[in-house]
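Shared chain: chain A. Partners: chain B in the first complex, chain C in the second.
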Partner chain A sequence: MDLFAQVLVNGILLGGLYAVMALGLALVWGVLNIVNLAHGAFIMLGAYVSWYLYTGAHIDPFLGLPISAFVLFVLGYALQRGLLNLVVRAPMFNTLLITFGLEVVLTYLAQIAFSADFRTINPPYAGNSWQLGPVTVPVVRFAAFVVAIVLTIGMWIFLLRTRLGRAIRATAQNLVAARLYGVEPRHLYAMTFGLGLALAGAAGGLYGTVSQINPYIGGTLTAKSFAISIIGGLDNPLGVIVGGLFLGVVESLTKLYIGPTYGDVASFGILLLVLIVRPSGLLGRTA
Partner chain B sequence: MFKALLSSIAALAIALPCSSTLAQDIVFGASVQLTGPVANTGRYYRDAYQLAVDKINAAGGVKIGGQSRKLALKIYDNQSDVNLSVRQYTQLVSQDKVNLLLGPFASNFALADSAVSEKYEVPMVQGGGASDQIFARGFKYIFGTLAPASNYFGSTIDMLKSLKPAPQSVALLFADDAFDVSVAEGTRPKLKQAGLNVVMDERYSTNATDFNSLLSQIKSKNVDVVLVAGHETEILNFIRQAKSLTVSPKFYSFTVGVPSEDFRKALGKDADYAFGMTAWLPSATQKDRWFGDGQKFADDYKAKFGYEPDYHAASGAADVEALVEAVEKAGSVDPKKVRDALAGIKFDSLYGPISFDAHGQIDLPQTVIQVQEGTVTAIYGESGFIKQPKYPMPPWSAR
Partner chain C sequence: MNVAAERTPLLRVEGLSAGYGEMLALREASLEIYPAEIVALVGSNGAGKTTLLRALSRVVRSTGRIVFNGHDLDVLTPDEVFGLGLVQVPEGRQLFDRMTVQDNLLMGAYRRDDKAAVLRDLDRMYAMFPRLKERTRQLAGSLSGGEQQMCAMARALMAAPVLMMVDEMSLGLAPVVVEQLMGVLDAIRDEGVTVLLVEQDVQLALSTADRGYVLETGRIVHSGPASELIDDPAVRQAYLGL
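For the complex of A and B:
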């Protein structure tokens, strides 16, 4: 029973991290209809930014999150303005190709710039934990979980309440009507992509603090984020966190009771099930 | 018209390799992971091959029948992709017409690539694949200089028997690839023989990042000894997550990572107490014809590339030397003659004594090592303890 409780907590905390990773991908996908295959590579870049901030300037990785998010925001804004806006209304296949290309380029550049060495963001408190009865709660994972919740709810409020958020939703729902109301789509698209990457930047900082960084972590992170976005649904940031938590818990329990090699089977199996039963996600609107 | 064009292309294709200036050089070909997820270890092979070839050329090259010939290297980057590496070896043999082959890193690569050397009957000496599977297929053109995977934990288990307090229970975790499965298959009977109680025997997915479920089980079963056969990224995550879940068995040991410099750098103080094994530690007692000895090789390597070599690098350099010895012994670069010479080769190298068994695999003892205060320390070898291990591992809170 203790073991079950521990693994359940592990799964929930892992799910929080998953949710932050997927949040940016889901936003960009939902609004711009771009499945950003380079999303994981941007998480990797965010992780390196945090790593340099921590090892170079001794900035705590959690305090460094806004900086890493801002750096990625600027990169995202520029990329969308300069590159992705060219294909944003092209068939989806083109956007897939271009983001796939970005992924390859970024990964390769990262190896040249950062080498293939493994890095970890390892502040002195990285391994600390709290003991709650029989359950051990790792401090950093818990903090990452809190950041995930805060970002998700912040994102939700932002989309619901602010002018920019409303414009983003309006553009996603009906571009022509949004333009008639004075929304400038090129700027708005760039803002959205920038926000998506800012979330990736924050996710990267958290990821580097709980796991390890090398130029090749991107691919699997993209795949995971993709699955979570579909499971949760693209309509609503809350869907992403539900998707992330669900996946984290199911994977952890699967590894415990069925076997450690079945984690991915479970997560992609659920992905298939969701696609068949609820194609718009667990929290998505049903048609 | 079309036919003429076709035949002229064919003529060109045949003419090209001949027209290159490599005719005088003996060319060794290899496909190595220079980019991609295992580039971190792949670089040891590229650098070691290059260093050994340069050293041998600087000393005058290879003597064949009284004539000196220089060595040349042709290395492709396989981007950590097995299928690409097979294509590249095929290209090396069939189009580039290299004389002899050096290996890639990692067992799954060597397993696939050795099919090419076998098909074209060009010997490959590889220092990157330790899985016993590579040598279990009766291939005649594959030779390996990494100690057999099945025996990676052999010396560790010998040592476990003489530790106080005696460990009782063992967890064996391994990734689901050729090398790590071979390690697990070799380790199981040894654990049984040693009278240890295997309470967990779990296979996990290669590239797994989340070990929380496994670690929680280790903690709840109060396991004394944890043996992990996996890859560096997995082991980094394993140790970091062990710390954050306060899982501290009396002893843990890992097949890779512990001997590598960047592994210890990435973990910092948390790398302490981790055990591992290596078939090579630089020493002045390993006499070598070209480098002088193992220590000098390590110094040359560090000076040239800016990082410490580990056993992968030494094994790679030994591969070049093995080919050279065999070419000189055969007095020819004819692949079949070199193959026969390799089968009976016996010489001392910076890596240790080199000779191959009937399957083409070397047999080298593994020295148990432990990270003690940030440095790799040899603990237990063939003749018993070299230095006292730090055992049992203190809990994370007491470090």
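For the complex of A and C:
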């Protein structure tokens, strides 16, 4: 029972991180109709930015998050303006092809630039934890969870309450009307993609605090983000939180009861199941 | 309005042609609209009225000349045209269905930076359309047809338009609602907003407007003061069934 509680807590803490990872993918998918297969590779880049900031400039990984996010935002804005605006609202196959190409290129470049070595970000407090009854709560994982939830809810408020957030939702719903009401789509798409990558950058920084990084982590992270977006739907960041927590918990329990190597199998099992049972997602609209 | 002819037009369209692919839906149309006029553009299904508005808003390509308030629109993008105050209430309303009424209205003010004035205008809209005030948090897609049209008009007015183009406002609405919306058009004209009213309901449009243009298969075939058009035997026979 104690073990179960511990694994549950681990799963929830992991789930928060999963939610931010997926949030950027869901945002870009919902607004631009691009399933960004390179999303995980951008998370990987964000993790390396954090790693360099920590090892090179001794910037605490949590304080470095805004920098990772900003770097990825700029990269995202430029990529969308320069390349991806060509495929917005193009047939899905084209967008998959081009983002898959990006993923391959980014992974390759990362391998050259960063080497294939595993890296970890180990701030002095990395080993600290709190004991809550039978359950151990590692400080870093808890902090990553809190930041992740704050980011996700912040994104939700941004979309609901700000002028740009409203324009992003409006464009996703009715492009014709948005254009008639003063939205410049290329700029708006670039802002949206930039925001999606900023979230990936922050997610990468958080990922680096709780896990090892190497150039090849992108593929799995994309797949998990995809699964969560399907579960949570694209409409509402809160759905993504639920999806993230769900996946985190199921994965942790699977590792405990079936075997440590089956964690990823669990996420794809869920994905398949959802696609078969409720193609529109568990929590609403998917595309 | 005879005095109108001596002033500079707010909008001048010369030899405007537009279409979809090979097909021309609008051929060599010319028209002028003067400040604070209500001008009707009438014609039957498929005459090219909506196409003309789309060309003015720069969402379809066109040849010919469009001058609005001293600006050549040909080289502008839809958002720039909108920024100049040429705003349309599109056919079929095109609301943001899964956004609230309030968010729809605020989208109308997307290009405005004068926050205080925007909030004042929001209150004005709710005073003008009390039905919307009761429904600020309702999703636009779940409004009744009449309420949706009110929402679409209010959204356009939130843009502080100089020229508001209204496409098929009366379609499918009860006479009392149509009357109310016509009253709104009159009221905003009194505040100095110019109106281009696109209608299939020729009687309705010409009885409200100052001047009118009749469009037939892409060409403007009649034009003049609304009171003269409504008495023109050709117009009466073709459009009023008299």
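What we mean here is this: the second predicted complex is superposed on the first by the 282 of 287 C-alpha atoms of A that agree within 3 Å, B and C clash if a C-alpha of one lies under 4 Å from a C-alpha of the other, contacts with A are read in each partner's own complex, and residues count from 1 in each chain.
Here is the rule we go by: a residue touches a chain if its C-beta (ideal position, glycine included) is under 8 Å from a C-beta of that chain, and two chains touch if they have at least 3 such contacts.
Note that the coordinates shown come from a computational prediction; the quantities given were computed from them, not determined experimentally.
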Which superposed partner A:126 touches (first chain B, second chain C, both, neither): first
Could you say whether A:166 touches chain B, chain C, both of them, or neither, answering first, second, both or neither? second
Looking at the overlay, does A:33 come into contact with chain B only (first), chain C only (second), both, or neither? neither
Counting touched residues of chain A, say whether chain B or chain C comes out ahead. B
On the A-aligned overlay, A:55 touches which partner chain: chain B = first, chain C = second, or both, or neither? neither
Taking the superposition on A as described, I'd like to know which of chain B and chain C A:177 touches: first, second, both or neither. second
Does the superposition put A:210 against chain B (first), chain C (second), both, or neither? first
In the superposed arrangement, what residues of chain A touch both chain B and chain C? none
For chain A, which residues are in contact with chain C within the complex? 163, 166-167, 169-170, 173-174, 176-184, 235
Could you list, by residue number, the parts of chain B that touch chain A in their complex? 35-37, 39-40, 43, 80, 173, 176, 202-205, 207-210, 212-214, 216-217, 219-220, 232-233, 236-237, 240-241, 243-246, 262-263, 265-268, 270, 396
Quick one: in the complex, what on chain C touches chain A? 57, 59, 77-79, 82-83, 87-88, 90, 94-99, 103, 106-108, 110-111, 155, 159
Using the touch definition from the top, list the residues of chain A that touch chain B in their complex. 2-3, 6-7, 10-11, 14, 108, 111, 116-120, 122, 126-129, 131, 136, 138-141, 210-212, 214, 216, 220, 251-253, 255-256, 259-261, 263-264
